[in-house]
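Next up, some structures in structure tokens.
In what comes next, subunit A is part of two complexes: it sits with subunit B in the first one and with subunit C in the second one.
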Partner chain A sequence: MGELRLMKGNEAIAEAAIRSGADGYFGYPITPQSEVIEHLAAQKPEERTGMTLLQAESEIAAINMVYGAAGCGKKVMTSSSSPGISLKQEGITYIAGAELPCLILNVVRGGPGLGTIQPSQSDYFQSVKGGGHGDYHLIVLAPSSVQEMYDFVELGFDLAFKYRNPTMILSDGAIGQMMEKVEIGEQKPRLTEEQIKEKYPWATTGKTKDREKNVITSLELEPEKMEQFNRKLIEKYRKIEENEVRYEEIQCEDAEYLMVAYGTSARICQKSVQIARNEGLKVGLLRPITLFPFPRKRINELADQVKGMLSVEMSSGQMVEDVRLAVNGKVPVEYYGRMGGIVPSTEEALKDLKQKIIGGK
Partner chain B sequence: MDEQQAKTEDIIKKENLVFDKTKLLTDKAFHYCPGCGHGVVHRLLMEVIEELDIQEKTIGIAPVGCSVLAYHYMDIDMQEAAHGRAPALATGIKRTLPEKYVFTYQGDGDLAAIGTAETIHSCNRGENITIIFINNGIYGMTGGQMAPTTLENMKSSTTPYGRNVKQMGNPLKITELVAQLPGTCFVTRQAVHKPAYVRKTKKAIKKAFKYQKQEMGLSFIEIVSNCNSGWKMTPNDANKWLENNMLPFYPLGDLKTPEKK
Partner chain C sequence: MNEEIIIAGFGGQGVLSLGKILCYAGIVQGKEVTWMPSYGPEMRGGTANVTVIISDERISSPILSKFDTAIILNQQSMDKFEKDVKPGGHLIYDGNGITRHPERTDINIYRVDAAAEAARMETNKTFNMIVLGGFLKVKPIVELQNAVEGLKKSLPERYQHLVPVNEKAIYRGTKIIKKISKARAEA
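What follows is the complex of A and B.
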């Protein structure tokens, strides 16, 4: 077992970035995630590993700094919260279009607009359906603990480089701010320039005599070629869906009723399941860990087993649409949620399950 | 071989050669309008990179604008930025690869309108990069709309009766502005519509790359250029108009050098 530390979710992200051998972080402060850049600054990553740290003039600049460095094969990331993530969308779609790997953390707060600084899951659609313009997807990881905040930094980078696609960690203000014990990994070395050139031959590292120039771009003016590129992206997303779906099942083996929830909501539902089981109700929980790719096959299978599902979210009902698509009408699928920065209680969620799914039968 | 071809072969014999295209410009024909300044500046940039022998160490950023396809012509590693974001890309590159030479190539809409924040803050941070700024007083690529640099009373497709500064604001001298910032080491305004100016511009570009090597801060080279299509003039008339109208408002010369700040 590695070293254990008590950390905030946001601090865990920062520490994981340094230890994963990241080359750079570019960000702009916003509550509830400013501890990421603050913790990095306090840690002097330039001295610890040579990692670059820069506070940009805006989220737009930060994501474009990420673009530039990622185009050189560097392992770089940014973080923000909802209003800042909206600003980053331009850069994110260019990064997806140029097929660059990078990591983006969204510590979600309630919206729309300036909204609230309290936790929310209302950026689900923006994260899993695209977010910026054009046909693209991010790989979206949803941590539900501080340990997962830590672990998903390295996982997120690995997936980003494996598929040359931006990865988003979709967290929320509760997980960003809460403190839990975290097992810290070993310090990984940063790649040398030679290693980058060998591993990522597409990177702009300076044109040498032995290869053609490298160009990082998302521009293609010929419609046939652009469509071909769109098809290539679809194929990539299909592969991601084939290989990278991750989820956790809690008491699903004999479940008659299923709760579906991610992140903070999943922690709440886990407790609801316990209470229900004590009452003799066979309730299970499916927690998607990847929101894109969505565990739709598994949810469809479970629809053959359970009598109904409840999607519990801190939003006005976003993920429920994907659950319904997965279930494809086999059983009733309902939604329960709170908004505005309010976290639903375990009792509330269970009560709603009883009213809408269990009681109705 | 017919007579004409034989004559041509004779003329292009090595010993007769007075000018050769730098190897760092690809053989792809420019898409630029005849008479446009972009092609000249592309050539100068590539000549400088060849002469300094830094092709292997240089990464360029193309803008959104007429020169969006600059990477078709420049035989170096390049990245294409979103409209106005080139200095942010350059910052990300230079900060993680400090030993490389990094430049951006941007139009006036790209640099002085949508990308103003990225321009000012990269200058203010003193990023060790070179910004090549083509000021043609107009949005060339999208069909000749008003740019931040469009002169008072100058016609464009969105100011068909001339730029009314009361309504549209005044032309922005962003070069004067960035010269005020402590992060810039070399700020100059040049032109390429006559051979003498072309030679001066090339010298300025070379200096900028040298300062970059010495980590002196950001070099900013404005090149007052033409847009005969957007201005709706013949190339010759456009150059005359540039001389009579653009240069009085955008005077040429060094605004700041490391020697005299």
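What follows is the complex of A and C.
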């Protein structure tokens, strides 16, 4: 077993970035995720591994630094919270369009606008349906513990490089700010320039005589070629949906009623399930770990087993739409949530399940 | 074992670090731990609180509305959290500055006058460790030596010389905590 530490979610992300052998972090502070850059600054990654740490002049600058470095085959990331992530959207769609790997962390706070600094999940649509313009998807990972914050940095980078696609870790203020036990992994070495050239032949590492020049761009003025590229992207997303769906089932084996929740909401529902089981109610929880790709196949299968589902979210009801699409009318699917930085309680989520799903139907 | 605790008081009393040390002690003893602070504008207003969960099992919700134990260190927190102790649970408070003492009869009430005791010790910064000692006397969910280990782990290098006086404070807390009233089963 690795070293055990007590860390905030935000600190775990920062430590994992250094230990995963990342080449750079570019960011701009914003509550509730400023501990990411604070921890990095305190750790002096330039001394530990030679990793670049840069506080940019704005979120927009930071994401474009990520774009540039990713184009060179570097393992780089940025992080922000909701309003800052909105600023980054132009850069994110360019990175998706240029098919570059990178990691983006969103520690979500309540919106719209500047909103609040308390935890929220109201950026679900923005994260899984695009966010910026154009037909594209991010790979979206939803951690529900500090350990997962740590683990998903490496997983996120691995998926990003495997598919040459940006990965987003969609977290929230609660997971960013809370401390839990984290098992720390070994320090991985950063890739050398030679290794980057060998592993990533697409990267702009400097043209040599023995190869064509590499061009990183999202611009294609010929519509036929652009459509061809769109089809290629769709094919990639289909592969991701085939191979990378991740979820956790909690007491689903014999469940008659299902809660569906991710991140902090999933932790809350886990307790609702415990209470329900103590009352003799057969309630289970499906926790999507990847929000794109969404575990729709499994949810559709569970719709044959359960009498109804409740999507519990810290939003006005966003993921519930994907749950309904997955269920395709087989059983009733309802939503319960709180907004604006309010976290739903275990008791009210269960009460809502009883009223809307277990009760009448 | 699954212990759900709220620690609440003024910012600067060491509420958050008390929770952190308790969590580290839990880790030393092989437990699962969660530390969830109130964060944001509330902190700047003066009150601070943290939810700590120590458990043998994987921890579910980090955000709770009822607690096994409330450690209450000022009047505002008494007003806010006395009602949130589970029936049969424990309320531990420091009498310093308390104008309205706890009134519930369905919970166990303890008093640890840590502020007064800290003033008598070499340094009054040991206040929160006296409280921790008191709590661990009532709820021995982690061993005292593991609490000291937790203290060592959570103090940065430059404060390690403060370990002995804080260790003394933890033991002092176990001695001075007093039981005020026992939970009565409601008729």
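Note that the second predicted complex is superposed on the first by the 361 of 361 C-alpha atoms of A that agree within 3 Å, B and C clash if a C-alpha of one lies under 4 Å from a C-alpha of the other, contacts with A are read in each partner's own complex, and residues count from 1 in each chain.
The rule is simple: a residue touches a chain if its C-beta (ideal position, glycine included) is under 8 Å from a C-beta of that chain, and two chains touch if they have at least 3 such contacts.
In this text the structure is predicted, and so the values were computed from the model without any measurement.
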Let's test your reading of the overlay: on subunit A, do subunit B and subunit C clash or fit side by side?
fit
Between subunit B (first) and subunit C (second), which, if any, makes contact with A:230: first, second, both or neither?
neither
Subunit B, subunit C and vertex subunit A (Cα centres) - angle in steps of 10°:
120
If we overlay the two complexes on their shared chain A, which of subunit B and subunit C does A:204 touch? Say first, second, both or neither.
first
After lining up the shared chain so the two structures overlap, which partner does A:147 touch, if you call subunit B first and subunit C second: first, second, both or neither?
neither
Looking at the overlay, does A:55 come into contact with subunit B only (first), subunit C only (second), both, or neither?
neither
Quick check: superposed on A, how many Å separate the nearest Cα atoms of subunit B and subunit C?
30
Residue numbers of subunit A touching subunit B in their complex, please.
23-24, 26, 52, 54, 56-58, 60-62, 64-72, 74, 76, 90-91, 94, 98, 193, 204-209, 213-219
Using the touch definition from the top, list the residues of subunit A that touch subunit C in their complex.
4, 6, 31-32, 116-118, 173-174, 177-181, 264, 267-268, 270-271, 274, 343, 345-347
Of all residues in subunit C, those that touch subunit A in their complex:
20, 23-24, 27, 32-37, 39-41, 59-65, 153-154
Please give the residue numbers of subunit B that touch subunit A in the complex, ascending.
55-59, 61-62, 68-69, 71, 74-82, 85, 88-93, 95-97, 100, 117-118, 121
